[in-house]
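Several structures are given next for inspection.
Shared between the two complexes below is chain A, which pairs with chain B and chain C, respectively.
The block that comes next holds the complex of A and B.
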């Protein structure tokens, strides 16, 4: 398991994530008027090649958006290719989706989900973050050895839209210095 | 200068549209960017519902703003998907070809208490320049891609043509070689043939002589001589020799005649430039050509002939037309894998004579039909065909102002019909009657 986080720190972080993600899912459910189930947040440290593995699938579309604030990093959203039409209907898009409206839908979804996750995460840890516009991410073009980092902390949550094939995974990736900020915050919380 | 005044001034100087709404979509603030472009100063719109100010975009704006209000999370609008949310005219009215401004919009949550969002801030960015640059780029890359694809097709065609050209050169060389060999063989065949004739004559005489001696010996009635004759006959198996010798010679003469015929035809065909215009009987031409193609057809091909009687002669280049017929016959034979039925038909139709060559082969695939007469197009394995036969035939027939038609259903054979005007092409004046291909 994580070399960067102790067992205690990880458990605390997971608990915090769980609470905040629940709130995020609730807000989302209200917006699109559908039932949403949520996985237990996963917290892992990965190296570049493990990170790259995540993109070796044709089940998902990928988006990315960066966030700035007291912690910095990027939020990646994996959106199931199956069930895009269903969720498009729920989100009030004209069906069938053409390429343009599909991309619009995916980016909007990604922004809502990643925004909800990051908001929850920041609020619980009393951090402030600001998310930028999401863009589509074509990960196949990236080689693992082109990344400028050796390992990163991933906070991953899976959303499932009940009664559809649609699911989505939100991965919050923190950059090196931000991991230290996070650990300090966790320690303060644990000491309290 | 105090801080709020500074902020206000800054807000109005920014190249960004800023508009703040409350939870009821009422305008709390908008900066000069909005005023300048809508013609509505802030004082006039303050407290008005934004959705009513922009009714065309109300549904989209409401959706975006609601998402911010509910989720307390920024929302974005992209020029790629919604290029002109606010109907602002282009920032380049003189030099640009765009009429409307391309916009990226951020919908940001503003003040909030108890996680309920009180205000929403819209930040509009003019990305017209970026958008038109991007679109030009995309058009360019689409064009490049198309050109690349065309180039690839051309390259493939070129390499195909190259290999076929190589093949046809090889075939031409073989043809020349064959013509040369035919010429060389012609001489020995000449004297072999005449010698065989003489030999037949001599052999007949020798056998007559033997018969004469036989008669004389039997006349003598001398038992010793008769016994001696019987012994010698038996030892030499003369009775067999006597019957076999004429047959052998007849067969040989027949054989050498056939060789001579083949050589003659080979020579006739290697002289493709012999393009004399003259009246000719197409059925005779077809029959002569059949003889040449005989080795392709002889095994298991059954030939059915249906020639109309009293067909007029056609003014044409007989050698060239024979070349066309040969192509059709060889193609038919190869299509049937040398066994099946070959139907030959000839009839008069108005002022033309038509010849049909129909086979019982597997037919022609529909996707090949349109390319049949294309030079270098062949479905035969490499080395079997040049892909030139039908295209050459087509050009010969067209030169005669005739028609070559093809009909085929997969699985039901193929039919080729050549129709030639009886009077020949309209412009076949004597001046170019000896024109070569």
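The block that comes next holds the complex of A and C.
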């Protein structure tokens, strides 16, 4: 990691992620009238096997959506299985959730959180990105193999819904070419 | 006479953003703090008649700083500049006596307006 980003670049990227997740949390908090706790963003480089390990859990549902534009990549959203009913209730879904409404809820949540996060991030860096609609991703079917990431920069933020078991993580994966674009933009920002 | 002003934020980029947004004609003596403890030390040393305060910081966060200032009836004018922009955060910050709650990314116009509103310019 130290090879890839300087301390200054890392600081800047972390702060941009902070602001983006603040906007994402605010979007969700206003919708469900609850308080969301934010973590400090994590910025790591992982190889393919480390990446796959993310899916070795039955605690989360996964969604994925790709984005295109001046940077390309994929946004993965992890949504805690334990809190699904609670947040469904807060979002006025009929409980208990059936499979169809559960999927609808998860995709809606992913879109709100990942959308606001990526949007905040792109706007601050004057990047143009367009996010596709999310789809469910079934890690148990070993679809993880379908990810083309060999070595990738992960930007991870974590949301915790206060007083519940619900938490969510957004992982933004960037390809090498996009990492170069990102570093250039960070440098511009730092030199201003 | 120059007004002692402190910017408290753990992010270098954020401190720079605030620094650059300060009106050039504003006569101040600037101090920078990287965490809540340093922010309180700056207040104690008389270096923060005005304090620009981030909420998410190591050691002691912005809420902790506000609580301490509040308990000690400090005269510091606190302007919170936060990435956490949820209504709950704003409410808490206001209940702890902060004068203003500004959102990141900070807009220079908004900062100038805030300073003017507070009679600091």
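Keep this in mind: the second predicted complex is superposed on the first by the 180 of 192 C-alpha atoms of A that agree within 3 Å, B and C clash if a C-alpha of one lies under 4 Å from a C-alpha of the other, contacts with A are read in each partner's own complex, and residues count from 1 in each chain.
Rule of thumb we're sticking to: contacts are C-beta pairs under 8 Å (C-beta built on N, C-alpha and C of every residue); 3 or more make two chains touch, one makes a residue touch a chain.
As the structure is a computational prediction, the values presented were derived from the model and not from experiment.
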Chain A as common anchor, with chain B and chain C clashing or fitting: fit
Partner chain in contact with A:131 - chain B first, chain C second, else both or neither: first
Where the C-alpha centre of chain A sits as vertex, the angle toward chain B and chain C in the overlay (nearest 10 degrees): 140
Which of chain B and chain C A:21 touches, first, second, both or neither: second
First, second, both or neither for A:92, with chain B first and chain C second: first
Partner chain(s) touched by A:30 [first = chain B, second = chain C, both, neither]: both
Which superposed partner A:173 touches (first chain B, second chain C, both, neither): neither
Chain B versus chain C as contact partner of A:79, first or second or both or neither: neither
Touched partner set for A:40, first chain B, second chain C, both or neither: second
First (chain B), second (chain C), both or neither touched by A:161: neither
Lowest inter-chain C-alpha distance for chain C and chain B in the superposed arrangement, angstrom: 11
Doubly contacted chain A residues - partners chain C and chain B: 30
Interfacial residue positions of chain A with respect to chain C in the complex: 8, 11-12, 14-16, 18-19, 21-23, 25-26, 29-30, 35-36, 38, 40, 124, 189-190, 192
Residue ranges of chain A touching chain B (in the complex, touch as defined): 27-28, 30-31, 92, 100-101, 103-104, 107-108, 111-112, 115-116, 119, 130-131, 133-134
Complex contacts: residues of chain B adjacent to chain A: 63, 66-67, 70-76, 78, 80-82, 104, 106
Complex interface listing, chain C residues touching chain A: 11-14, 20, 56, 82-88, 103-105
